[in-house]
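Okay, here's the structure, questions in a sec.
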Amino acid sequence: MPALEVRGLSYAYGSMKVLDGVDFHVDEGEIVTLIGPNGAGKTTLLNVVARSLRLREGTVLLRGEDTGRCSQADMVRRGLLLVPEGRQVFGALSVEDNLLLGRYVRRREGRAGADLDRVYRLFPRLRERSRQLAGTLSGGEQQMLAIGRAMMGAPRVMLLDEPSLGLSPQMVERIMDALSQLRDQGVTIVLVEQNAFAALRLADRGYLLQTGRIVGSGSSENLAHDPTVRHVYLGSATDEGGDDAGSAPPGES
Amino acid sequence: MNVLQDVFTALSVGSVYGVVGAGYVIVHRITGMVNFAQGDLAMAGAFGAVVAASALPTGAAMVAGAVVGGIAGLLLYVLAVHPLRNQGLLVQTIVTLAAAIVLRSLAQLVFGTKPYALDPLTAGRPIQIAGASLPLQALWLVGIMALLYVALTAFFDRTMTGRAMSACAINRYAAGVVGINVVGMAALAFTISGAITGLIGAVQVPLGFATADFGLALGLKGFIAAILGGFDRIGLAMVGGVLVGFVESFAASTISTSYQEVIVFGLLLVLLVARPGGLTRLRVSERV
Amino acid sequence: MSDNATRRWPLPRMTRTAGPAAATVIVIAVLPGVLGDYYLGLGYTIGMNALLALGLILVTGFAGQFSLAQAAFYAIGAYGSALLTVKAGWPAAAALVVSALGAALVAYALGKPVFRLRGHFLAMGTLALTEIVYLLVNNLSFTGGSSGFGGIMPFSLGQVEFDDLRSQFWLVWSVVAATLWASLRIRRGREGRALRALRSHEAAAAACGIPISWTKTRVFAGSAFIGSIAGSLYAHQLLYVNPPPFDVMTSVDILAIAVLGGLRSPWGAIVGAVGFQVIRQAVDGVLPGLFGAGSVGAGEELVFGVILVLILVVRPDGIVGALSSLASRASAPRGTAPVRPAAGGRPAPAADARPGERVVLRARGLSKHFGGVRAVTDVDLTLHEREILAVIGPNGAGKSTLLNVLSGNLPPTTGRVELNGADVTGARADQVAARGLARTFQTPSLFAGLTVRENVLVGGYLSGRVGLIRSALPTIGAVREERRLAARADEILAELDLSHLAEHEAGHLSLGQQKMVEVARALALNPAVLLLDEPGAGLNRAEKLALAGILRGLRARGVSLLLIEHDMEFVMSLADRVHVLNFGRTLRVGTPAEVQADEDVIAAYLGTARRDVDGDEPVEATNARS
């Protein structure tokens, strides 16, 4: 049974349809990446799954259970944690307070010490800065904090939205390392990335998203060599009339 | 003219304005709203205490005032503000004004227009210093404001719920992401804000009486305190309240009691024009 | 209004102007003859309240600003007229006008600074103003303190005296009718469109060249003017002034009237004033029996407070809103607008289609930082005449921020922007627009509640000059200008093949249509430079092809285009040059082919470990989207 399964998910902002019947699944312990250019709908997709945005059309199953009536907090309680685009740490609070807020839904479950330790072992840099205000951290450290905050919620499935955004290649490597360690600890990971090559190096499988639809999928190996990926990202000046997979979205909008 | 007497008056009325100002700040930080019923929540607390005093000792009656204020704040949020969450701030703000009118006229229907009094918390003569007299109840007001400052600061900085509320204030989206019930926190903000405002409204009754219509002027003066606090800092709003108290009592003793309120409200206009960011260095953000 | 002026408009517009005229004639001419004194008195009160509410609807309904100052302006009019006629011996009409100008001046002085701040500051500021005026008239000796003063003569105009209830009824309702008519004209004139536009989407309104706080300030002054006239009439009717009618509860009552009737339409004032009086009569009849004679005042307030809450929760646009949505369900075209096959725009004369040498837009060393976050750092950018320049880059590269800085919607942190050789660094969006720059937005930002034609007319704001007063009066110049603006709007709509949508409400269109109308609105500015933020996002292929055709047509007509776009195929086939941003900095500038083959660009988009980029800086994506 997949850890997370999404069926027929659509979403529109007013008259602007950004997701159109998306299906994908992630098995327990897998790292699956959703890649695609800007505007493909990746961020919206994660936010609907996590219920930052309302689920209007489609089904989201967690370990086979329907989550149609779940609020955002319910999803967090069921172990589905979002690491949002742009980190979204609480800048005016200390690093440790940020982490403690990560276990807000589990605030009555025992002590926070062990959870904190787990995060600090993965990201020793955060332990050094635990008293510092989150807003003063560098972009990479903020990304660590955002992941650490999600770890505090005891995730079974973690959704990461562009963790490499605006980071140097070395920092991207470190974040990807951390994700692979998380997987080894049993966390199922959905990684949304524009940085396709970095994501495909880490992931087991991937889906290619374009203008709200899945236009390709397969093992990371296959996707990395698929010319469609490059085409979807960079287009081509010459073939204006070309009708390659997915470059012509459906007529109704 | 007795300067010391003015200082005493300023401190005691200023504490009331300061706490009301802090009430504005709590609601504004978490919801971005200005609650036009803030002053009337103090009035609700005052009458809550007056009614409770017929059955309870004064101290407990004043706590009852806090409870009444808190419940009124919660009801305001649940019945009027929350249903309008999709209508925008203009409509939400108008509805708080409507709620203020409801509270005020309800009080007038039940209690009439005459002033009500309460016994002070501590019996005894005012302290006399250099010809100025300081009622013991004034010390209570200042003490309660200080206590509320300590308690609210500890609440927002040390407890999980307080941290969650601060988180909503800092980044509502991220608060949702970690599983905080943002609507619940807004309701809590209205409740806490109503409770502290109701409490201070009750405690000031032995000095200032309770009348059905005292909420309006009190609300405006508390608003000035909140502006002075940059609409963001509880502590600075309390300092701002005391400053308003000073302006008021010195205006009364040096110019005229008839014009003290004109001068205080004029201060509001001057602040809006000249220094909307209050005592902080932060500019009030303009919308792009 | 002359036949010429109305002929252009479709039928509903004629009935909209004929309606008030007929209603007014009936009310003014017939009612005073048939009503007894009791109902005449009621009618007078209703008229007075309607007048005050009309003033409030101007500022709260049109401009979306919450004001509680109506009682203050009412007091300024009443006391102004009373003092000037009784103590200075002025003629009543002169006193009325001077008082109203005084009230407008007070509104101007308060509004100008406060409108730069967030909305609730105006609400509290106006509440304080009302309290101050009330306390002043209560305490000043020359206003007679709390007992007020009398000796005021009935209003007179030349030889005509309005000294009985019948003539006063006639007077106040004439003023109401004139104000209603003027408000209705303002609402659909240049100024009213600007107000409704800024209420709907402030940034887009500014990008159309509307000076936001100045426009709000003028309408606030207008509302003060009306409130003061009501006060003057009141003083001349009662022949006596004292403070109680001018306390803050009057402002609240007026607000209740406007909300009850509906804030969006001037008709709301009339309907609300009637409804208010009906409810008041009912309450006054019932309450004393329930709570005793002393309960009337508080009981009325309670009832109106509750009604205000209920109306806001159930039907925020009031009775008129409810009625008009019923009416429009019955008649007007609703649902999705007709879809037509997209046309490819005008074919371009090929000779002109190449970029020129002259630089029309230049940025030097442009940076924009949000706190510690550097969204844009040290960007140099040039746009030549007749050029299509595409700005591309991965998420969070700072594209939208760059565009917002160029258009004046955000001030730059450092650097310089020149538009047609003039320095526009730090200028407001409306000032930049006035210098020939138009823009569209990433998310659809048409003015909801306005028709497609009205949206395009707002785009033509800068080519008109009829202000608040001339909007209200059908002067020849105003009528002619409105006709010219409408002709221009229709021309643009025809050019973009949107004429069939002209009367549709902008919010009901499909996304593709909305994006096209936004381009039309931008074109109405007659821009030399057009900035487009993701014009193709969400469009289907046919729509994108049509859009590309239109943009090429614009270029051929001499417009320079700068666009942000994600669809690389679209960009590559359209752009003359491509400017690539990454981490808020310029990564590469070149022809589409050069950029497409560039290793660094590929790396920025698809990612690779080979790039040696700047250190680990706190660069965030969220702020790049505004």
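Order of writing sets the chain letters: A, B and C. Residues in each chain are counted from 1.
To be clear about the criterion, contacts are C-beta pairs under 8 Å (C-beta built on N, C-alpha and C of every residue); 3 or more make two chains touch, one makes a residue touch a chain.
Just so you know, these numbers come straight off a predicted model, no measurement behind them.
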Reported most central chain by Cα centroids is C
With respect to inter-chain C-beta contacts, which pair, A-C or A-B, contains the greater number? A-C
On a CA-centroid basis, which chain has its centre farthest from subunit A's? B
Approximate Å spacing (C-alpha centroids) for the pair subunit B, subunit C: 34
So the centre of each chain is just the mean of its C-alpha atoms; given that, what is the distance between subunit A and subunit C in Å? 40
From the mean C-alpha coordinate of subunit A to that of subunit B, what's the distance rounded to whole Å? 44
Where in subunit A do residues touch two or more of the other chains? 88
Give every residue of subunit A touching subunit B within the complex, in rising order. 50, 52, 71-73, 75-77, 82, 84, 88-93, 97, 100-102, 104-105, 107, 149, 153
Residue ranges of subunit B touching subunit A (in the complex, touch as defined): 160, 163-164, 166-167, 170-171, 173-181
Touching residues (chain side subunit C, partner subunit A) in the complex: 371-372, 394-396, 443-444, 509-512, 514, 534, 537-543, 566-573, 583, 592-593, 596, 602, 605-622
Along subunit B, where are the residues that touch subunit C in the complex? 33-34, 36, 79-80, 83-84, 87, 89-91, 93-95, 97-102, 104-106, 108-109, 112, 212, 216-217, 220, 223, 258-259, 261-262, 265-266, 268-269, 272-274, 276, 284-288
The residues of subunit A that touch subunit C in their complex are 13-18, 37-39, 85-88, 135-142, 162, 164-173, 193-199, 229-230, 233-237, 239-240, 247-253
